[in-house]
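Scrolling down, you'll hit the structures one after another.
In the two complexes below, chain A is the common chain; its partner is chain B in one and chain C in the other.
After this line comes the complex of A and B, so read on.
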């Protein structure tokens, strides 16, 4: 077996492409690419849970934990080193998701969706009523530093972009590995028939638990990267509307490949930017129509378009 | 054959359009001679805050910009454009998860010369550092938080705010209660509050309760309620307030929440038993009319709408707004008008309508808005102070319109902290330096 599969090679190739984009695209668009990577990781987390038939309507919980860890580390302990922040965020997330997993792994379908939503809304309510953390206004983050190096201004944003790209793609590769691995196969089987999985000797509960923790961890990494890029966190990150947006992205993009949610996030962001520009009063309607059309004509998401395109290419090649 | 004749008829309107376009060309060319001042206008165009805040401010911006371009405003704003430069508005929705990235997009993609707007404190807190980083003139029109210049941007160059922060509303409300409702003050020993559980609600209640306790000794807090924003049902909270038997109940509710509180609270006798103080309630008057009990203390977040002083500019603004949108302007519309007119005043003073000229001249400027004088007095000339007014509600059964009586206006210097103190220090220190004459 080759060490990297096709998807992983593409993810590796995506890094230089992203770095070229950083210098080729206008700054405003680079900003959207950057925030899309942070949000894309959360969408990826929603996507892998959807593979198991679990719709998380509360992924904003870990997105918010990531963001607030970054914010609170700098606010209370004066830590702006992004690597330290990432470690703290991962530790906190693993602890929280490890505990919550014992509860959530027992539920499926609408019960899982509603419970994840409920837990996320608890954090939203707590943060909204905490005056020290700026309540719903949130608070601002300083510019990130890197192992004692404090780049300012343009250099700072460039470094953060490159780091965001590296981490996002690395997470995507690891998730791809995970999906190809034993648990990845089991979770798909869980979606098909959970009872049979148990008869085959695998534990559905343990698999869902691991899946939930992995999804939580990459969401928190996404939260750190997103909030460091924007420089501001609010409890809105844990609100169900934010979580709903991630579900929207996955439905739009499809669950076919780890690339899909990452690209889907960017497409949705750009779509939103132009929808607001075309019609500032009714831009949500444009997004809604796109959503409807996707569900009706591309039930497997935008990724299925790409798959069809690749299939047609490969079927033509031998003939030529 | 049919095809040809079809083409023939189709080409006629095409030709006339072309001719029309050619005839119009010289005038459009003229307008493009001087590059327009591109003005980004950001407010809530969707979501819960769009109805009461976002859309009135957007409408005010549209109305004022049109009038500026036509030169139809009353003096001293009766010249065309920002010192001759036409203004081209570009509207954007503040309801967005990525409000900072959207701000960057306005600056870098749309290449606006200036930005005006932002209703929510959360948005203002988020974009404030970005404004200084991207070096673009930005005039915040509303957002109540005092953090902006006190904590986040302490040395502003590009960021301005043409509205007072929310401290003023609650200091004025406390002063009105203590100084102008003698029958309440006589027995005043307990206060209570019902405010939404987010920054605006917490800050409003903190400022109001602290101010009352400074202005009158031995006042206790009997009860404080923080229901969820957009909850709509306040049965439990109203019960708690009724049993608390406070003499004064304060609320900074707005929009639909406010209307729900008034209808539910009045129905259960809350308004009759205690003195209600509603700090942001001018928006409810024309919607609720006789449902607001007489005697309720009404605030409009400044001397706006019902409290706007008589002036040629205000008369024009109210009438023009009514003619175009079918309702009278409420305080968010006034605040937006203040922000846009501030830019015009600065440009006219400089004699050039460029971003640099406006930045240089808006600093420390004192100018007239439809709600009275706006004085950019705080934060090194970047933060406005304005006067305010409070009054007591009275429904006029003859005209069928809600009115206010016992109106007391407050000078900006009376209800805003001096430049060298933060709001909290100023209130706790007993309003040092307040000039209320």
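After this line comes the complex of A and C, so read on.
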């Protein structure tokens, strides 16, 4: 039995590619790649929940928890070590999502969508009205340090980029494992028919709870990496419109593969730069129209196009 | 004493606003099983068109009294036309899909409406305070209140009573209750379900626009108000039970008082209090106070 499957090999190959891009691309573009890796993890979290038929309109909650953990650790305890921050963020997230999971795992479909939204708006409301944390403006983060090493300037951003790439791809590989594993199979069955899953002896509630906590954890990691890259956090991270964007990415990219949301985020971020420059007030309208077109004509997202393309290639090869 | 009076009056004031902003949402869900995120977009459209129309009118220097006609008129025109456009042009092709997919569709509509509003009215704020001030204020236990606030409470009660009467006392309303109960059987009995859907959706969106239009004189109309109101409306209809008009009224009163209490006693938790009561209600009744019963499908 092979240790890595095809997707995981591609993810491993992506690491050297990303590092080459770091030196080959102009700095502003590298920044977008880095930022979209953090966001891509959140989109990935939305994607795995969508596989269970659960649409999370509040994934920004954990994105924000990750970002604010990083911010508050440096602001109040003077911790800028990214590994310590990641550990704190994961502990906080596991605790929060573990408790909320008991409430949310009972709900499906629109109720799940609405309640995840409501829960993330609680954090949004709390942060927006807290003066110590800069209210709606948020606050700035210091540069990250690594186990006592404080690289400055150019080196600092290079190291952060490489670490972001490694963590993002590692998370993607782990998620791929999770989806191939028993709970990954159960959650797909939950989408099809939850009652039959229960008759077969699996617990839908426990599976959804675990799924929710895993999604929360990678969103928080994404939040830490994103805010470290940007050097700033705002309550806007927890607003439902932010979460809506992640949903949009997954609708557009599809749920077929862990690669889809990561690549989707990158494409969307780069497109946004141009669209906002050309006409700032029509970006959301474009998003809305693209979303409708995707839902109607490509219900499995852009990834299904790619898959069809690959299939056609491989079916032609033996004939030739 | 003054605080108690203030809490009660503000509680009803908030409740009236919440009811007007959320009743259309619960109506559409009850009949069509569509959780209409674009409701926030209709609210914003109503607010902008009313503020804009009132602004244009007051520049002419005529009596302010006519603005009380202009506000609902603007909401009805915008809500009906846009509602028809969205339902006939898009949603009717989507019926029969999963409820979750419809959420995403209406989210897309919300995004489009948001930018459409920005394209029409720009990103600067609109203020149309004249109708709210023209009626003057009234002293209740030493606190001045604008009479406009009482007018809104009256309108909310009238809308609630009107919906109750329409649903339970008219032929069309009774047929609608049949459609809510079972869509397929009512179609088989010869009820024009498609027509009921269209009419319900348009009424729902018009109510959303009306909620925005009536609020416009009390606030400054800025981009983003649609995204804010949809969250409040969700909380209200979840507490009351989705699809129940009476539930929306109770939900609005509960949320309104929770907000008024926190505003007067401990302001930092104003937003938090809303979700707190929501969590408390859901912990006891997972699908809200007056949720419709659902059969379990195997």
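By our rule, the second predicted complex is superposed on the first by the 319 of 320 C-alpha atoms of A that agree within 3 Å, B and C clash if a C-alpha of one lies under 4 Å from a C-alpha of the other, contacts with A are read in each partner's own complex, and residues count from 1 in each chain.
We adopt the following convention: a residue touches a chain if its C-beta (ideal position, glycine included) is under 8 Å from a C-beta of that chain, and two chains touch if they have at least 3 such contacts.
All of these numbers come straight from a predicted model, not from anything done at the bench.
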item	value
Room on chain A for both chain B and chain C (clash or fit)	clash
First (chain B), second (chain C), both or neither touched by A:310	neither
Touching partner for A:281 - first (chain B), second (chain C), both, neither	both
Touching partner for A:122 - first (chain B), second (chain C), both, neither	second
Chain B versus chain C as contact partner of A:136, first or second or both or neither	first
Partner chain in contact with A:247 - chain B first, chain C second, else both or neither	second
Chain B versus chain C as contact partner of A:236, first or second or both or neither	first
Which of chain B and chain C A:55 touches, first, second, both or neither	second
Listed stretches 39-47, 219-227 or 273-281 of chain C, narrowed to the one that overlaps chain B	219-227
Doubly contacted residues of chain A, that is, touched by chain B and again by chain C	125, 128-129, 281, 283-284
Complex contacts: residues of chain A adjacent to chain C	53, 55, 57, 103, 106-107, 109-111, 113-115, 117-119, 121-122, 125-126, 128-130, 195-196, 239-241, 244, 247, 251, 281-285, 287-289, 291-292, 295-296
Of chain C, residues touching chain A in the complex	35, 90, 93, 98-101, 103-105, 107-112, 114-116, 118-119, 123, 227, 231, 234-235, 238, 268, 270-272, 275, 278-279, 282-283, 286-287, 296, 298
Residues of chain A that touch chain B when the two form their complex	26-29, 31-32, 35, 125, 128-129, 131, 134-140, 153, 230-232, 234, 236, 242, 245, 269, 272-273, 276, 280-281, 283-284
Chain A partner contacts - residues on chain B that touch it in the complex	45-46, 91-93, 96-98, 100-102, 104-105, 107-109, 121-122, 125-126, 128-130, 133, 145, 147, 152, 197-200, 202, 226, 228
